[in-house]
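Shared chain: chain A. Partners: chain B in the first complex, chain C in the second.
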Partner chain A sequence: MSQRLTRPGLILEADRNTPPTLFWNGEGFYLQRLPKGSRIIYPPEPVESLYDIEDGIDNALLNPTGDSQPLPDLLKPDMRLTIVFDDISLPLPPMRSPDIRQQIIEAVLDYAAQAGVDDVVLIAALGLHRRMTEPELRHALGNRIYDAFAPHGLLRQHDAENLDELTHIGTTESGEDVEINKRAADSDLIVYVNINLTAMDGGHKSMCTGLVSYKTMRHHHNPNTLLHSRSLMDMHSSALHSSIWRMGRLIANSGIKIFQIETTLNTDTFPEAFGFLQKREWEWSLSDRVRYITTSNILEKMPPRASRAVLHSIKSPYQVTSVQAGEVEAVHQVTLNNLHAQQLMVVEGQTDILTMGLPYIGPYNVNSTMNPILVAVMGLGYFFNLYINKPLVRQGGVVIITHPTRWEFNPLHHPSYIDFFEQVLSQTTDPVEMAAKFEESFAVDPWYIHLYRKSYAYHGVHPFYMWYWCAHALDHLGGVVVVGGDREAVRRLGFRPASSFDDGLEIASDIVGTNPSITHLHCPPLLLTEVR
Partner chain B sequence: MKALLFERNIPRLAASRIGSSLFGADFLGSTQGAKVGPLRLVETEPPRLPDSVPNSPSDSLPDSDWYRIRPRLSGICGSDLAALAGKSSRWFEPLVSFPFVPGHEVVGELINPPAGKSRVVIKAVLGCATRGINPPCDSCQKGYINQCERVAFGHIKPGMMVGYCADTSGGWSEELIAHKTQLHYIKDDVTDEAAVMIEPTACALHAVESANINDGDKVLILGSGTLGLCVLASLQYLRFSGGINPEIIAVAKYPEQYQLAQELGAQYIISPSETGRVVRKRTASLMAGTHLTTGVDIVIDCVGSRDSLRNALDVVSPKGKIVLVGMPGETRIDMAPLWYKEITLQGAYTYSPTTFDTATKVVVTNHLERLVSAKYRLENFEDAIAHAAKAGQRGAIKVVFDMRKKPRNIQREQPS
Partner chain C sequence: MTSHSRLKSIFQFSNLIERSLLSSRSEPVLPWRKPNWPSSLAKPTPKPTLGVYYDTSWTRTKPSRIARAALVDWLIKPLSSFVAMPTVEGLDRLGNVSTPVIFVANHSSHLDTPLLLCSLPQQFRHKTVVAAAADYFFDKRFKAAVWSFALGIIPMERTKVNRRSAALAEELLRQGWNIIIFPEGTRSPDGWAQRFKGGAAYLSLKVGIPVVPVYISGTRRILAKDSTKLHRYPTKVVFGHPIVPTTPALSSGAGNLKGKKDTEDAVHFEKRIEQEIALLADACTSNWWEALKRHKSGTTPSLGGPKTSPWRRSWELPPSSRSS
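Let's turn to the complex of A and B:
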């Protein structure tokens, strides 16, 4: 991998000359002037991508990392080969065609064909996510792969509720049941094709969330592990990752052979027409300004459904910065190094108030609605956790989110979210209490199971996991303010609504005093802060 | 005496019906609604039974079969509001005599009380005993006076109950007449506010008893206004006294209703829009289209609207039961689910005389006097009706007329 000279992340202290800052606000955005002295964290600019992706892929497959043979040496004519790939939740926004998954799987299939491997099955690693639609699969894999595999039933989507298609591998030293996809477990080789958009992805997490059952998932997705994941982006300080790593090692020790392929992307998130979204405001060209004014006005005037459709049609020009393959843990370490090279930036000191504008898309609402629970998890589960060492915001501090937070759900994708919002959050926002009182009934509800298996619904327990994802932030923060959100929906989340940014600061001052330090996370593009 | 008289004034009734159709609850909810409606405040002679009635009330006959009663508090019921809005079913027309004084939820004092007894709650239903029909009809003989077969006959004018009979007057007045069989004596330690809740609670209790609820049944209560909350209180009483422990889901529209429903023992309190989803979740039902494959065992519909009945039909289980307590009217509804799921649809009208003893215990043990949210003098009836029509939105449950205090006699100075 070669790297061009690229500007690292920037921490700007706002003064009188600082132009207003771009804040995402769901299916729109606006410019907001921040108080003098506020810090604005701009992510690093995109690093150099691989010069030749095909070469990069070949190089990774032929020169594996860690204790692994090159891929061609692992392929035998009479073997069972299962290629597993990350689902619709990655990357965000979806990348322009060809998707990196397609490029890698095509290369793997070429080698498999050369080796005379006939028994090949592709599996989308859904975990408890919704099934992908045909257009989504075609986008991720390309038409050639889709047409070759799907009509023959060889392109499958993991079904965590199909007991006939799950197999129990064993129990970890901490008593965690490990139950994974039977086809994968019975294969001579699993090739996992991963996209590492954030530091929490990849490694053993790929298999141990993407191909397991609820019975296994609940060991690492629960209030205790999420409360003790500080942060989710730092696997060495994450109870969730510790549990997953125990499971991953159990799988490896059981004799299941995994050839892990991990990729990293740069931060070139938006196409040229929306390029201003990832630029520093004082560097906007005339054309950026015109595009900002035009786009923000049009989006504001459009009904949310229409503006959502426009924004969800964006395909990101992400470019691949690295491909590494081989043994899971060795590969993942290289991946993290490459990801840090793009995203990591040092921030000195914590802040009293952390502000964040939440965009229209998150991992669980691709081609869908960002409902209030997903707003919470975007803010408190993801953006809050974009740190290693210590949170950007101090203990007892405040997070201010800008997002419309409409009382709005997609009943096709998120049916259990509606019930969770109405029936669970109306009773409690405490992750521990809701886990004890409500989780089981949602997890085993036959209707949700039916919709997960046969329709396009997230698993019944998924909204609980989203809320647990917020557990660390909920425990750490003194308050959460949502600017511009539906007041009832925001209150249901246990947060405080504010009608304007200044009102939000006023509300926050009740908690952090009248002279707080303020830091704004200018995100996306994604970044990772090392807070000292 | 002063009384609020409901007249069969066709233009006013038509105006009310049109206004209510156009503006819904907002019509009666504004004081103008009551002004244009069929109700008016009159100064009139005390009520008098026909001469044909033997032992009719007289100040000189304290041990008469009939008693004169001075109302102290009298509630405004949903059926009263429906009548004022011109929305009552015309089916009732032969069972009512005009003009009448509304008000069937009454606590009052006897003008010539027997020794040691003075305050009573009226058992408003006018059965054979009150009509001088002897032998009584089959229903009355069996104790089901709410099903009296002679409510339009006998020596008093037609009327299912006090408050719809031209001869007896009603609670929204300074005086009414009641038969001795209609008196439910109240102990001194029961406040007027508690006592005025006994009649609606008796209706609710009757509905709960009719529902035949078993231990562990899932029961959905549609509506958490007065009737819904009284149903909850009745279930709470039965839970403690009868050991029946159903799972109760209550549908509440407003925060005050939500709070009271919770205090009265509902395990799940939900908004109307959540009903289908919560029932599906609580009963682990699947859905075919929008249809639940199972549902709650019993629905107690305390609203009586088309939407509530439709809702009930959607969420009750096959072979389940819907008990209609809220007064329904003419409606158009798809009865296919009733047929297909073999649902029992059962009415629950008022009560039997014996219900009042238990209803009193329900009121006292659950402190239902707290449901009385506002009291108005008869003179302020427009405000009272407006308040009652929008009770939920205004954070109220039961609005009553208060006849205990005489109005201030304020005379305006005439300009010279």
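Let's turn to the complex of A and C:
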């Protein structure tokens, strides 16, 4: 990990001289003046990347962390080697080629070839996510790997519903069934290649969400664990992570050998043309202003589908700040330290109102539509959870989201979301109630299972998990206001629509009074707040 | 329409205009105007962009180089030939030299730069930059842009030691660019050379490349320092033998000298460069053989002229070094 050479995060108190603040608004963005005295949290600037990425990878493979031998010593000619990698949900936006997964897997395969390993299979750790398309796999792995493995059926995507390809490992001390991908379980060595974009990722979570079945997933993805995950970004205070860690240790104790390779990226999220999106507004140059005016106007005039296509074509110039490999828990600790060095910033005190502009992309709508449920999970599941210690917004406070929240779904990727929105959310927004009444029927629905396995659909139960992801925020907050959203869609989510930001503040004043403290999360780029 | 309603509509229209003007005066901020700086934050001092900080990299892009080559070959060269009527000597000495090299010349007129540049053989001319005074040529953006484009000048700090200008010159040499350096740092005020600074010798030692001494005569008659009027006058540009810092094992030819502890130091090498240019100057006023003999015996007249009173120094000047 290199030393930070750039500026740390900034908390600015808006005054009369503070220029308007950039708010993301789905497939667009605008400038909004915040009331005097509001706090604006600007994330730390990108830290220096590894000077020589190939050298960094090699160093990690040869000098593992924790109780692990160097990778070359673990490779034997007659072994079964399975290389597992994170799916399309990471990183966001997708990074420019070459993707770090490609660079690491190529290095691992170099050693495997040198050791004479013939039985090698690559598996995309989908969990209950949709399958990746060929172009997406080619982008993540590069053409060399894809062309060498895919034609021979050696590049696979985890199927959580293929009972023949799952194996039961055991039950944790808390009674959690652990059922994982059979090929991985039967391997002499699993090499997991991860991208840690947020503090939530990595560690045992890689395996225990990416390669498990619904039967296993439901133990940690349920309203109870997610209500007690405070926050998801702090594994020590997260019931979800506790469950996952129990499972991970069970897998390790069962004799399955995992060589974990974790990576961290800096926060250089947008390419030069969109550089103003990650700059502090008062530092915008003339070209930034011209680019803002041009892009915001063009995106606004374009139909949503076209502007979505433009934005989803953005490839992020992320750079790798660290690579570490070896034993899962030891590696993850180093990863978290490196990730905190980039993203963590201290914020003094909570706020009455937390405002956030939601961008066009989240983990579950890469090359797809951000439907109303994904808007909710992006705001309340992810942005709200970007804290350790205590939430940025106080108990009973209000979150104001800016997003168009259109009543639109991608039927290819999110078929069960459509029914969830129509049938479940129309009856209840209570995670516990919907889990009891509806989850099972969606999870075992043969049509959703068929679409998950054979098409490119998220699993039938996935929208439930998204809603559970919001459970902590829903429990904590006094209200959620969506500025500029489709009124019907916003009301269906149980939130309150507002036509303008000022209206949103007015609505929030019903809950938090007329003189509230306001904090704006200037995100992306990503950050993690330690609230004191 | 009655006169009353007409007046009313005019009044409404003027109100509308006034409102829109007022709103346009108070409303437009970012992105239409330069953003304000929040009061609670200290404003950083803007990064300097002139002087040694002027970025000349754009002048070395392919389109700029093509345009400059055309400008130098088709305009500057004919013009300088017309005004300076140059005689170029010693080009044969550049036959076997490996590029890049540092051309080091005496300096008595603005004409020296275009004249020397146009006198260089083709293989050098379009891959050569000129070290120029950062405080003189790069003090204004337009001036810096014009001269850096037309002659490929790069900023060189001449009043104090500056790592940035030395680093730029070194980087360009490593990229294969030749450099013209006038080690006096400024044009001669009285026709005699001033003390040579050590930059050229330092760069030669650092990068391990040869120095080509050059003597230019006659340009002061065309445009002396503080003169504003051009006078046609025949000039001479004489190239000397490429020289490298001496080592016990390496007495001639180019090679990477970096790290060799036995290499002569920059101060000594700079003196030797000065002596080589003095030899060329002496050869111009007498003949090569006589000058060579004086050079070998250490009796070559100094470039700096006699150390006497100012009028006698002027009296002693060779005709080509006098001002018109």
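Quick note on the criterion: the second predicted complex is superposed on the first by the 531 of 532 C-alpha atoms of A that agree within 3 Å, B and C clash if a C-alpha of one lies under 4 Å from a C-alpha of the other, contacts with A are read in each partner's own complex, and residues count from 1 in each chain.
Just so it is clear, a contact is a pair of C-beta atoms (placed from the backbone, for glycine too) under 8 Å apart; a residue touches a chain by one contact, two chains touch by 3 or more.
For clarity, every value in this text was computed on a predicted model and none was experimentally measured.
K.L.:
Name the contact category of A:Arg289: first (chain B only), second (chain C only), both, or neither.
P.N.:
It touches chain C, and chain B stays clear.
K.L.:
Kindly classify A:Ile507 by the partners it touches after superposition: chain B alone (first), chain C alone (second), both, or neither?
P.N.:
After superposing on A, A:Ile507 lies clear of both chain B and chain C.
K.L.:
If you count the residues of chain A that each partner touches, which comes out higher, chain B or chain C?
P.N.:
Between chain B and chain C, C touches the greater number of residues in chain A.
K.L.:
What is the contact status of A:Ala148 with respect to chain B (first) and chain C (second): first, second, both, or neither?
P.N.:
It touches nothing on chain B or chain C.
K.L.:
Please indicate which partner A:Asn17 is in contact with in the superposed arrangement: first for chain B, second for chain C, both, or neither.
P.N.:
Second partner only, chain C.
K.L.:
Using the superposition on chain A described above, determine whether A:Val432 touches chain B (first), chain C (second), both, or neither.
P.N.:
neither
K.L.:
Now for A:Glu281: first (chain B), second (chain C), both, or neither, which partner does it touch?
P.N.:
After superposing on A, A:Glu281 lies in contact with chain C but is clear of chain B.
K.L.:
Name, in rising order, each residue of chain A that touches chain C in their complex.
P.N.:
Checking each residue of chain A against chain C gives 12-20, 31, 33, 281-284, 286, 289, 292-293.
K.L.:
Would you mind writing out the residues of chain A in touch with chain B in their complex?
P.N.:
Listed in rising order, the residues of chain A that touch chain B are 418-419, 422-423, 441, 445-447, 450.
K.L.:
Using the touch definition from the top, list the residues of chain C that touch chain A in their complex.
P.N.:
29-32, 34-41
K.L.:
Show which residues of chain B lie in contact with chain A when the two form their complex.
P.N.:
On the chain B side, the touching residues are 268, 270-271, 274, 277-278, 280-281, 284-287.
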